[in-house]
Amino acid sequence: MKRLDLIFSERELDAIIKTLEKANVPGYTVMKHATGRGPERVVTEDMEFTGLGANAHVIVFCEQELIDKMRDNIREDLSYYGGVAYISEATPL
Amino acid sequence: MEISPILQNVLAPPVLFFLIGAISVLFKSDLEIPAPLPKLFSLYLLLAIGFKGGIEIQKSGFTDQVLPTLSAAILMSLVIPLIGFLILRFKFDVFNSAAIAAAYGSISAVTFISAESFLESQKIAFDGFMVGALALMESPAIIVGLLLVKFAAPKNRPKSRKMHLSAILHESLLNGSVYLLLSSLIVGFLTASSNPSGIEKMEPFTGQLFYGAECFFLLDMGIVAAQRLPRLKNAGSFLIGFAIFMPLFNAFIGVFVARFLSLGPGNALLFVVLCASASYLAVPAAMRMTVPEAKSSYYISTTLGLTFPFNIVLGIPIYMSLVNTIIPLSPL
Amino acid sequence: MEISPILQNVLAPPVLFFLIGAISVLFKSDLEIPAPLPKLFSLYLLLAIGFKGGIEIQKSGFTDQVLPTLSAAILMSLVIPLIGFLILRFKFDVFNSAAIAAAYGSISAVTFISAESFLESQKIAFDGFMVGALALMESPAIIVGLLLVKFAAPKNRPKSRKMHLSAILHESLLNGSVYLLLSSLIVGFLTASSNPSGIEKMEPFTGQLFYGAECFFLLDMGIVAAQRLPRLKNAGSFLIGFAIFMPLFNAFIGVFVARFLSLGPGNALLFVVLCASASYLAVPAAMRMTVPEAKSSYYISTTLGLTFPFNIVLGIPIYMSLVNTIIPLSPL
Amino acid sequence: MEISPILQNVLAPPVLFFLIGAISVLFKSDLEIPAPLPKLFSLYLLLAIGFKGGIEIQKSGFTDQVLPTLSAAILMSLVIPLIGFLILRFKFDVFNSAAIAAAYGSISAVTFISAESFLESQKIAFDGFMVGALALMESPAIIVGLLLVKFAAPKNRPKSRKMHLSAILHESLLNGSVYLLLSSLIVGFLTASSNPSGIEKMEPFTGQLFYGAECFFLLDMGIVAAQRLPRLKNAGSFLIGFAIFMPLFNAFIGVFVARFLSLGPGNALLFVVLCASASYLAVPAAMRMTVPEAKSSYYISTTLGLTFPFNIVLGIPIYMSLVNTIIPLSPL
Amino acid sequence: MKRLDLIFSERELDAIIKTLEKANVPGYTVMKHATGRGPERVVTEDMEFTGLGANAHVIVFCEQELIDKMRDNIREDLSYYGGVAYISEATPL
Amino acid sequence: MKRLDLIFSERELDAIIKTLEKANVPGYTVMKHATGRGPERVVTEDMEFTGLGANAHVIVFCEQELIDKMRDNIREDLSYYGGVAYISEATPL
């Protein structure tokens, strides 16, 4: 099993979830209100207040093949407004 | 003791709390109003100001002044971004110029609220329909900004970024703050029309509490604005100058339009403040979504870090004396 | 101008704000009241309504009507889930039937508050002890629901899910909202008994602010309810029908019980509304914990997505005319 | 019916809500006021109490009593931690002794607010400048605590932990709550001086709402305090005894100082309460940062779990009778 | 060292923490207010409001043997109300 | 690529971010309001209220060499007020 970590603007959340659902992932977890800095942007807490939205951190545990299926769509989602995606190994308990 | 209008403005609780917030950042106090508490106050202020405006409009009816003023307001929010864009293009690319210009064409509800409080403390009358102008001026500048990008941007913009008019309209008209303001206006209007006892029952919430909630919110705005200010340094002196010059310039146009409309001093000040204020909420949110090429730190640090404090602390009394000087002049 | 009671109800600020919230979802506005702000308002409303009810009870004393009405209220919250269960079993398994039926046996405090506001706007009197009925009707339906599961569920339920009566009682009686409502009622009662100046000092908070806070909260309820509504489609037309039919049916029983109890029109409406409303807070929370086999989307989308809006917008004026028609009839 | 002052205090809404919160933990109700809502109320209370204090000071002017009282307040907050330290050193190391002692030298704003409410309910007058004492007593104890660590700690403290005086001062003087309280005091003072209409407009927010907000906040404090109480068991009986004995002892010194200052009964009670109360906000925050060797569970579970509830429920009426007994005695 | 990620309804938090404490884990971190979708349920933000509670995300850094010790208890905790548990490799800095 | 997870008191956030920026990490993500227990301390939710601050969870995706560069500084930051730091493998999507 793999673990996919996606971090991106909350504004893109709907798009990313659509991508995940289309690939039929077994599940996902969303944590909002994340802040941070990337190569493009600083995301501070008061972004939420100015309506810009903080980041969302999405975790997906799924098989590698699902990730391969989603790769292009996620990359496109992220290429537009920024964000990062990383894969690591994970074993179910 | 005679005190100058500026000092008098500075010594009003909302401005004092704004300064307290700003100074706390300067002194590195750990004073913080954690999210989402500021959102509570910003939603409340929009709801209350809309509701009260709707009641006033219902009470006063649609006077002769209403339509010309609202039309002029929309016109200003279409023209100002164009002027701003031309100025900004000297230094910035199309994306940044359009985004910043749109912010200055749009408005800041909190600046408007502060101007209302200023007028109340000076016992100068103004009309409820000016809240309508507030609501109507929020969106058009966004549309102008996005159209500027659409037509002036280099032709090699990636395909996915081709904006559809419907998306532009949706983003600008159904933004949460525009929506809440406008719909609260309608609720106020309907309540005043058909359910006057509802007004009384809302009064403690939307009326009596307003001033204190404004103070609390401005405390947070002071913190947020002061956190933005240092980032302006990276923006360069052109943008710093723009953030002060542009509101003054817009105020100047605004006061002549107000005179042309024969607005009384209260309405005139509100009109001028709408022209002079810049959006740090709706416009940045829309621009970040639709023009990711523009640097958000540019359009936020100018509007929130400099123009907003300038308007709150110095601008409003300056515009008031501008109004008092220009409006009574003999006809053009 | 004569306007119908339904229109009059719809034009009250709380209902208007509810509709505004719902419409914002329809139009995909990004208006949002982020967590935990809605919780602030729901806690506040429970505290305030309990406190005020406690004061009223102390003032009016325990009249002859109190005990029969409270007993009838508890009885209704025991009987309604049984009826609901029998109806729902035509289509659903034991778990889902019990969970949904429990929700309809219990109550919605916000619906009750809206009915109070409706009565106030109609200048119809009601008694403080009805808040006691509100508090007492929240829990029993949970117990009935869980007992239904305990006795009607297939015998092969996993061991760990065998519920202990003590856990059931704890879950139903010490739920946060029941606890806050009941204990605020006691605080109100004690304050009125021994410390009348405390009532005055609380009044701006629990009294004057109430209506505005109700509006703000209903704005959020509109958003939440409208987000739930589409999920109803998956629930099937049987459940959609149930979500409208069941409150009407319960209202009908309720109005005859109210008549039997000789309640005045104000108390009668509140009694009927308690019967007709369904819980989307305490019961779902308890059911999710104790009957995980039931689909939460069933019991939430019906109660929150359909029954709640129906009661708020159309139900209350309908029940009022039901009360006005049935109560004055010559004795049974 | 004659009721004792303690019972009368317990039957006031703020104390009742505190007890309700505590009892909800006892009964394992899931009542919860999620973060950051409590912060909203604590910020509000500081802002309101500071603002009102500033107005009072401006109105009454700097009477003869002001300077001696404020000086005595600062003195007490320097002396109390030294006494506490000597006592605590019997059982604890330098780090824990200093941290706990500092907490008892500092103050709890909510205890002060509760004492004000108690005085108001008893119709006993007090002066606005006592809020100044509140603000001034928050920080000095922190400085004493840190200096105790600096000079009494074993010499082998890691290098990085050598504290600089500037950091100590910053931590103690620019703590968010001290800063907000002091600056709201100044805003109140300036508003009363130059903008009296501002006072009226703030009144519904800072005045009328205060009592209700205090109740709501104490509901949360009850929950938080009761969650802390069990952790006291691990702290041992010495610390449990200290948490009750120390406030009584400090109250006793305080009442003689108040007598020496010729304070009226209202001011005297507030002075005594400042001496007797212990900080669970500013001091713990500062200590956690600067003396990580001290166990935070020690200084929090004592101040928040025991001393705070003791003062709120029993302490204030006890101190009042102490004041009523000692102050009128013939001169020392 | 291992990293154990647990995601489940906030309502189960006390039970899970009890399990962790019983196994004497060196520590754990809790992040509340997570939402998501699993094979059984959708957990949306307004669940918190309706009293249903959002999800909690718990991270535990510990040795494999501790995980083996807790496995059955955690599985039981999660089997009842749902939730996921994944293990991955982690090296202390 | 590596993934670095840092969990520590929010009060240290500025210091840690300074360390990260000095090492020129390509980005980082901050999640506040985490609670938990470590070998030294229990961090509960009401810590935020008492001004003590909850924990922050910081995630950094970067190269091993950057981590090596920051190791001493981070360890010092964490040694003072406590906190944990773990490294794991991560592959960009």
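The chains carry the letters A, B, C, D, E and F, assigned in the order they are written, with residues numbered from 1 in each.
Definition applied: contacts are C-beta pairs under 8 Å (C-beta built on N, C-alpha and C of every residue); 3 or more make two chains touch, one makes a residue touch a chain.
Protein identities per chain, from UniProt: A, E, F = Nitrogen regulatory protein P-II (GlnB, GlnK); B, C, D = Putative sodium-dependent bicarbonate transporter.
It should be emphasised that the depicted structure is a prediction, and the values quoted were computed from it without experimental measurement.
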Notebook entry, point to check: Which neighbours do chain E and chain F have in common?
Noted result: A
Notebook entry, point to check: When the contacting C-beta pairs are counted for A-B and for B-D, which pair yields the higher total?
Noted result: B-D
Margin query: Measuring centre to centre with CA averages, how many angstrom lie between chain D and chain F?
Written below: 34
Check: How many angstrom lie between the CA centroids of chain A and chain D, rounded to a whole number?
Finding: 46
Notebook entry, point to check: Could you say which residues in chain C touch two or more other chains, in rising order?
Noted result: 30, 34-36, 39-40, 175-176, 204, 208-209, 285
Note to self: Which positions in chain A are in touch with at least two other chains?
What the structure shows: 31, 33, 45, 48, 51, 88-89
Note to self: Thinking of each chain as a vertex joined to the chains it touches, would you call that graph a line, ring, star, complete, or other?
What the structure shows: other
Item checked: Pairs of chains, among all present, that meet the touch criterion -> A-B, A-E, A-F, B-C, B-D, C-D, C-E, D-F, E-F
Item checked: chain C-facing residues of chain E, complex -> 9, 11, 33, 41-42, 44-46, 48-53, 76, 80-82
Next item on the list: Spell out the residues on chain D that touch chain C in their complex, using ranges where they run on.
Entry: 3, 8, 11-13, 16-17, 20, 23-24, 27-37, 40, 120-121, 204, 208-209, 211-213, 215-216, 219
Check: Tell me, which parts of chain A touch chain E in their complex?
Finding: 1, 3, 26-33, 59, 61, 88-93
Note to self: Under the stated contact criterion, what part of chain B meets chain A in this complex?
What the structure shows: 35-36, 38-39, 42, 160-161, 175-177, 220, 224, 227, 280-282, 284-285, 288-289, 292, 296-297, 300, 304
Next item on the list: Over in the complex, which chain C residues touch chain D? Could you list them?
Entry: 35-36, 39-40, 43-44, 47, 51, 170, 174-176, 179-180, 183-184, 186-187, 190-191, 193-195, 197-198, 201-202, 204-206, 208-209, 285
